[in-house]
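These notes are about the structure you will find just below.
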Amino acid sequence: MKRIAILTSGGDAPGMNAAIRAVARKAIFEGMEVYGINYGYAGLVAGDIRRIDTPDVGDIIQRGGTVLYSARYPEFSTEEGQLKGIEQLNKFGIEGLVVIGGDGSYHGALALTKRGFPAIGIPGTIDNDIPGTDFTIGFDTAINTVLESIDRIRDTATSHVRTFIIEVMGRNAGDIALWAGVAGGADDIVIPEHNFDMAQVAKRVRDGRDRGKKHCLIILAEGVMNGHEFAEQLKEHGDFHARVSVLGHVVRGGSPTARDRVLASKFGSYAVDLLKEGRGGLCIGILNNQVVASDIVETLESKKHQPDVSLYNLNHQISY
Amino acid sequence: MKRIAILTSGGDAPGMNAAIRAVARKAIFEGMEVYGINYGYAGLVAGDIRRIDTPDVGDIIQRGGTVLYSARYPEFSTEEGQLKGIEQLNKFGIEGLVVIGGDGSYHGALALTKRGFPAIGIPGTIDNDIPGTDFTIGFDTAINTVLESIDRIRDTATSHVRTFIIEVMGRNAGDIALWAGVAGGADDIVIPEHNFDMAQVAKRVRDGRDRGKKHCLIILAEGVMNGHEFAEQLKEHGDFHARVSVLGHVVRGGSPTARDRVLASKFGSYAVDLLKEGRGGLCIGILNNQVVASDIVETLESKKHQPDVSLYNLNHQISY
Amino acid sequence: MKRIAILTSGGDAPGMNAAIRAVARKAIFEGMEVYGINYGYAGLVAGDIRRIDTPDVGDIIQRGGTVLYSARYPEFSTEEGQLKGIEQLNKFGIEGLVVIGGDGSYHGALALTKRGFPAIGIPGTIDNDIPGTDFTIGFDTAINTVLESIDRIRDTATSHVRTFIIEVMGRNAGDIALWAGVAGGADDIVIPEHNFDMAQVAKRVRDGRDRGKKHCLIILAEGVMNGHEFAEQLKEHGDFHARVSVLGHVVRGGSPTARDRVLASKFGSYAVDLLKEGRGGLCIGILNNQVVASDIVETLESKKHQPDVSLYNLNHQISY
Amino acid sequence: MKRIAILTSGGDAPGMNAAIRAVARKAIFEGMEVYGINYGYAGLVAGDIRRIDTPDVGDIIQRGGTVLYSARYPEFSTEEGQLKGIEQLNKFGIEGLVVIGGDGSYHGALALTKRGFPAIGIPGTIDNDIPGTDFTIGFDTAINTVLESIDRIRDTATSHVRTFIIEVMGRNAGDIALWAGVAGGADDIVIPEHNFDMAQVAKRVRDGRDRGKKHCLIILAEGVMNGHEFAEQLKEHGDFHARVSVLGHVVRGGSPTARDRVLASKFGSYAVDLLKEGRGGLCIGILNNQVVASDIVETLESKKHQPDVSLYNLNHQISY
């Protein structure tokens, strides 16, 4: 394979630029030509494609967001969209594609694969909800950003002896809530993947108060319900004057952490290794600390990401 | 004066601990005894008062929040509350009081002053809305925290070519929005102290788009309206698919900046200088880069904080 | 086991407090009593031991350093020191000990184990140089702190078109240099575990210049040589006007990252699980993303930590 | 004036990009044409000059360093250099010049002024050592960066009950040491502008120890002597096992603080106001919180920046 392309798709995640850089530099190192596709699948279909050279990906490893831009493009689920996309790839003489993104992005890569075009998926999303990998690019940065906010809110909660409900992103996944909750010393963590009983949450708040604890922090995954609704329901079990803080888009951006940059670099480099051997139809991940590639069809159709629920029990045992 | 006390009141602000430390250390340096009152005026009335020695304020200069805790206590506006407070101060032999906080805290200090008890106000609030000072303790930290969030959101806004409305704290004041807006390169800033025309806001968004600008950020002071309402009104002038991000309590806490710590140190030290001379009924501030004391009665009754509205025009001229 | 103790030893590392908290809270959760030993083995021998209850480890999860203090104490390698230590443990009725620290700390735990006292080692050091684990507590924070500095230096290097040699900590290990180097987009990384040829380093610098690259960053592990010596040797291969920046103690402290806090929480909790079962003579680690316990005698005597040298080659392929 | 140019010179400082952006945007807003000169006076003489349009200064307000690059160029102190520079400016039809930088940069602007070319100086240096202004662009960011390091080192110093000497930048000025020292709660601050007595420094260290203080931090301005020399001299007054930490280039870069960005925006905008009126030969500053312009000849020849030495005494009274 002599000519490959890269696109980013779905919500942006810190580390996407590090992955773009790794793909481009590794491919150039291997003697390939590299093209960047702007605005994800929308740009693919529209032919918004440009040659990328070494300096084009210089000085981006530390930047949040994606220099290739991103966009939602549901039209790529249609046959017409996919054929048009492959037509564009052929027009530019591109033989392989690296897609960096989340769930929706993977389905685009899957569709291309089924139509015979070699595509490789790299998991890039803050939500950590992608099958075939323990960690996605952007997750580590996001939990540290959430954690900074939790640490700040703790100052106020302690100063005013107050209970805070902190709603965090994650779509249907509880990973951000779990990790940031354990790291933030949350009194309770509420996630979609584990049942919760509001009476028990209220009991934890009350018990902390009774022991003289100044602050009480409850981390709530947005996939369960929104923070204000949760506060309403909690109120039925006692009036804790709980404040609600919603950490929204502010946790998507920012300069990626060391771990996200290293992970992105490994993933990007490995994607090129695979394409160089002519292999496509794969998605890359890190499982048990090893970078691996799995069949994208099988992974998407039969696997599901599971958060590390042991963190839930751990938190109940050490955070009170 | 040989024995003084300190309390913090109202919303917590980064740098309050640095001010507590400065008051305590300077007073001890001058041979005075120092007492800390927990939970603001509520603790004053309840007699929740404790001796403070040098190590008690060690290792707190860098911490957000307030180690003396804070509380709202409307009852202190009554004669009964005030007399009870003075009774407690007398019981402990306390001859002067330093109050660190915002508007409400100042009114408590004013009431004590009118009843003959020497009190000094130090402006501590992130909102920067206190008369008698150009800057309050906590403001500098808050604008930097908001700025970090703006920088993060810009990554996402650029990656998705999107418009964001970022609602920031400040109660009725536009200072946080103005400073963070100019520093963040906002396309527009909307504050209570300056008229705005939604059609003009929409025009700025549209003009940016037309020039090929990728991101568009509008900083909205909460004193104008909430972000979601603003987004609704903006929609009537064109569909920009604007996202709303509300930066709430997350900007109250955190380790104070250098400037907030230095300001707090100067204010705290100066408050002791004044009490040492037997002077009360004053509020401290920084005006034209000089630390000054003003009559608290006159300041509260006849002055009003005005934001630096020149920043508004500046932003229109350089941020587009 | 009903009564256990904790100590921290060796250089402090961010996350030690999170580990202390996890051990204490988990043990209390399991109905045990917990004692804290101040100043590591020095305090153990001196009997500087105090009961720890739930609130004593509150609000410390986010703090750098160690609330139990640390100290070097070579005397603990003597029989006299060890017997005295066990005597103190017996005096307080302590049946098991958790030691958080690096290499030297482990040898103390090993000595106690050989004398029949159940001790568990938790790897806490920024250097990541402990056998039996892929990652130590503090490493993730340290590489992110180094990375922040690299990102800052890149601003200056780019603005002045300059070459920087950045010397980083790590004792005899190259892990910090490797990870921070890959994450920082270093032009070259020089570590003790991999040969290097100064002529090749000079060639990389020159090649970057020739391609028009503005900045050039070389990350040097302190275990190889010091930065100024390196600069001297580099000069023999061409005058690059290289500046040297030594990142010293500044990378030891700071609030731990999410990952260090979670790792510390898992390690601490697991240590209590083991002691509860009466098991000692073990050291805890994370291998292939699983928390595990290994025999401390065997681990210290026959294993050696190896950095992920694949990062070295990765960097040569993507960072130029 | 219809066509102006900008250059940055001397050591880079965070906020230089915000100033470049403000000059460019304000000038374009006023209907002028703007040119950027690369590599300071070296680029001026060489004619490395390019047109700058609105998007060229987009997305740079948050970046450290300078997109116009900087360089030392002593040749500009010669008549030949200056005439060649003016020749280049004339060739491009440039009628006014904004120079952003420190002392040396100002002397270049002064030389152009004396030769009849309208130049305006904007103070940009982390050292805060420029006459005609209370604060320079970059100083606020630098003291916050130093402060972060002090806070980190305090963790280690406390954990090991240790004394640290922290050497900070500032050339011959003590401003960084003073502000960061007060903000960091330093036990002592040693600056060129104030006498010090090593025996007294040693006494402060000893007194702190005697009171049970865990950490001891001495902030040393590089203009006094280097940290290792200081440690040697301190040793003659008692063995405190002091460690030395040198904060070097790492404090030059980084994303500018809110205050530096606002200051840079005001300065840049004001420079254009002046040039628009045809005024040159001025340097801009902030004095008593007002943005002002002073005659550059008079300022450089008769004024000298003085640090706020009241901070020195303040620190002695509250930091112990």
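Note that the chains take the letters A, B, C and D in the order they are written out, and that residue 1 is the start of every chain.
By our rule, a contact is a pair of C-beta atoms (placed from the backbone, for glycine too) under 8 Å apart; a residue touches a chain by one contact, two chains touch by 3 or more.
All values derive from a computational prediction rather than experimental measurement.
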Contacts common to chain A and chain B (chain labels): none
Reference chain C; chain at largest CA-centroid distance: B
Same-residue or different-residue interface between chain B and chain D, half as cut-off: same
Inter-centroid spacing, chain D versus chain B (mean Cα positions, whole Å): 28
CA centroid of chain B to CA centroid of chain C, Å: 39
Where chain C and chain D are represented by their mean Cα positions, the distance between them in whole Å: 35
Residues of chain C whose C-beta touches two or more other chains: 151, 154, 158
Pairwise chain contacts under the document criterion: A-B, A-C, B-D, C-D
Complex interface listing, chain B residues touching chain D: 18, 21-22, 25-26, 29, 54-55, 58-59, 61-62, 134, 140, 143-144, 146-147, 151, 154, 158, 179-180, 182-185, 211-213, 255, 257-259, 261-262, 265-266, 268-269, 287-290, 311, 314, 317-320
Residues of chain D that touch chain C when the two form their complex: 8, 11-12, 14, 63-66, 69-71, 145, 148-149, 151-156, 158-161, 164, 214, 243, 245-254
